[in-house]
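Can you read through this structure? Questions will come right after.
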Amino acid sequence: MSELPIVAVNYKAYPTAFGAKGLEIAKEADRIAKEFKGSVKIVLAVPLTEIYRISSSTEEVTVYAQHADPIEPGAHTGFTPLEAIKEAGAKGVLLNHSEHKLILSDIVWLVEKAKKLNLETMVCADNYEAAAAIAALSPSYIAVEPPELIGTGIPVSKAKPEVIVKSVEAVHRIAKIPVLAGAGITKGEDVEAAIRLGSVGVLVASAVMKASNPGAKIRELVEAAARAWSARK
Amino acid sequence: MSELPIVAVNYKAYPTAFGAKGLEIAKEADRIAKEFKGSVKIVLAVPLTEIYRISSSTEEVTVYAQHADPIEPGAHTGFTPLEAIKEAGAKGVLLNHSEHKLILSDIVWLVEKAKKLNLETMVCADNYEAAAAIAALSPSYIAVEPPELIGTGIPVSKAKPEVIVKSVEAVHRIAKIPVLAGAGITKGEDVEAAIRLGSVGVLVASAVMKASNPGAKIRELVEAAARAWSARK
Amino acid sequence: MSELPIVAVNYKAYPTAFGAKGLEIAKEADRIAKEFKGSVKIVLAVPLTEIYRISSSTEEVTVYAQHADPIEPGAHTGFTPLEAIKEAGAKGVLLNHSEHKLILSDIVWLVEKAKKLNLETMVCADNYEAAAAIAALSPSYIAVEPPELIGTGIPVSKAKPEVIVKSVEAVHRIAKIPVLAGAGITKGEDVEAAIRLGSVGVLVASAVMKASNPGAKIRELVEAAARAWSARK
Amino acid sequence: MSELPIVAVNYKAYPTAFGAKGLEIAKEADRIAKEFKGSVKIVLAVPLTEIYRISSSTEEVTVYAQHADPIEPGAHTGFTPLEAIKEAGAKGVLLNHSEHKLILSDIVWLVEKAKKLNLETMVCADNYEAAAAIAALSPSYIAVEPPELIGTGIPVSKAKPEVIVKSVEAVHRIAKIPVLAGAGITKGEDVEAAIRLGSVGVLVASAVMKASNPGAKIRELVEAAARAWSARK
């Protein structure tokens, strides 16, 4: 079991993900992370091109890459090995997002290599069957997101609570890996519901990246995570 | 015709491409670029994760990305639109390298979109047929590299000079786009030969990135380019 | 210039493409092809799994594969070299359809290899820029299909006649390769318009494969092609 | 547990896989399958273009496709849905071979869809971690093949017996799915060793497809499987 609840923000390639805007969101998140230090873990999965800028301007948030390629450093043009994201300051990597699906054997390879490099892995699954398969590979986290709800604002915790419950069960039958819930999460109450259903937190994207006030939105989600986590213990 | 000869260095994902090492090579190249300002153009195609770090520490070299994905900014996890590389400081992008080949319609899309964003494009071709096809799309540059010579140290200008000659001819029949030569280029004399054969310069990788003294190697190539270019005019 | 106008039917993977249904459409098309022998060429691009069944039961239609992989025969599991489609009875291959786009260098390879094997190639392009690029590779035919019109029933010849005109011009500036028009073609009049605009015929799919009477639909298109072709000469 | 031992032959795209040669091997295999009916199951994974020809000329061998695409029938050019291979006569499908790796979520989808269509699935894994992940998806069979031994003639049962043992253990911890061993299998004794180590049989390719007498080679492997299976019970 994870020791802390998690709010993970996937920047994706939204216009707000890059340059000054992406940096400002990261700095806001970092202030909140410091405030909630010891009670909520905040993960920011940022664009490859922004890892260095964001990781060198923040201290408490955990910066992830949104992807890495299954290659060793060497003659690979335009590909990004795990060593590259580590050098740029990332502490982990999101893998197999439904917008960036991976070949099974590449997930195996990347999870194993990431362990050697001391990088966290959060591997996404579309459904509980895929979540169970991924559990056999022992990543740091598994994030379950029914793709049909991503970006809709209809929270998985309300529309398909059984996906969270069945995924947590299926994963834990194989290994004790913390499961996050994602897709359609937009409010504090969605986070609370997701944690009550057995997850350790949420993976969100548009709710923060398209918010008029991204910092306030992160704060709302983080407060809810802290609240639900205390209630649960 | 290009107004200046070009020495383009593809960092690839060599261990020296990242972090302090990659930055040091860029700073050396930048000093040389300042020295040869107005006589040779130096392009550095760096990893996505290093564009920001390198472009914000150099002034005269032209920083390229090694790849960009054919997407608009939005909900794309782990993909890199042209806007991302521009925000990070890139002035251009290498496309369709033989280690990262692209679908034809994506090359069409990327070249066109790059023009709107005022980014240069250097599109790679394996052979003169592909070079001719690419010429129809009007990129900024075309780099011809017989893949079987890449990384061998056997220079295309010596082993297959006809590939350079035929590519330049085939391209110029369709449009007046500057052609670079690549694959196996390691010495100043290779650069001179490539320019004599009709190219505007070279695309190199291992010759610099695996050199014991990358700065000295860049200087050798740049001096040769300047020399051959004056001889040609 | 092609000597005959062409009606090419892409079976795609429609339910009617397989087994007895796909065979019945092929036999109907074959009867029509015999009737219009010397005045219209009928191409059927059938599923890989149906090439043998259809080619061994027809005589006059030209059977194409819908795709082939850029490999030599050998240790490749589940891939289909050009030799495979030839052994099964195909006379040509559709390449780079907007539903199955190819890497530029694979198009180069496949077109060249197909010539050696005496197989025809019909390479698809989304727009006139791609059509021009493909012209440099000298395939047997180029089929231009704006992807946004595919399957809509809104004929390219009416909605975007300039795409046909510009593609024919752009292609012929580079090489004298016959151009087909596709996307939204459903009626005889669409075929006539396409030919009047400079194409040698049409590439259709749903108009035939989803028709209540596919044979009657093929006849309608073929008759129109014959009519428009005579008018043109 | 499988009721019968299995000898599965992957035709790949070897020159002998197509046309009259591929059919002759299938007919030989069919004769042997009839002889060993009730004691050994013979699977032939044939090229997409040969499924119809081979399945309509054999009775006792189990014909598989080497791949299928994760799509429903419809507007997909050059892709092969499971319905296509079924219509052509296949009884099952090989998936995720190391020469044709699949995205995890596509394996999930294909295995589930194949069950609905009553098609067998044999899903390949490079190592025991991947085998465990696949076990969570409940395919009909799992075939473990260390890719570095494929085509070498160095049998996995001799070079890496622990891969077979660990895979069988890892799979059976999750579900009781029969495991086949592959890579470098060329002789009867390799089959016997593989079965002794806990597998239900072997997946071979070059040993048969490049044999001077493919029928004799199949017979050797089948006899060994029958022998080892009796010894085991």
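Order of writing sets the labels: A, B, C and D. Residues in every chain begin at 1.
Convention: contacts are C-beta pairs under 8 Å (C-beta built on N, C-alpha and C of every residue); 3 or more make two chains touch, one makes a residue touch a chain.
Predicted model only: the values in this text are computed from it and were never measured.
The interface holding more C-beta pairs in contact, when A-B is weighed against A-D, is A-B.
Among the remaining chains, the Cα-based centre furthest from that of chain D is the centre of B.
Interface note: chain C and chain D, two copies of one sequence, contact each other through mostly matching residue numbers (shared numbers exceed half of all numbers used).
Averaging Cα coordinates per chain places chain B and chain D 45 Å apart. Look at where the CA atoms of chain A average out and do the same for chain D: the two points lie 37 Å apart.
Annotation for chain B: no residues touch 2 or more other chains.
Contact between chains, per the stated criterion, is found for A-B, A-D, B-C, C-D. Taken in their complex, chain B has these residues touching chain C: 96, 98, 101-108, 112, 125-127, 129-130, 132-137, 170, 174. Considering their complex, residues 10, 12-15, 17-19, 45, 47-53, 65-67, 71, 73-81, 83-85, 87-88, 94, 97, 99-100, 150-151, 205-206 of chain D touch chain C.
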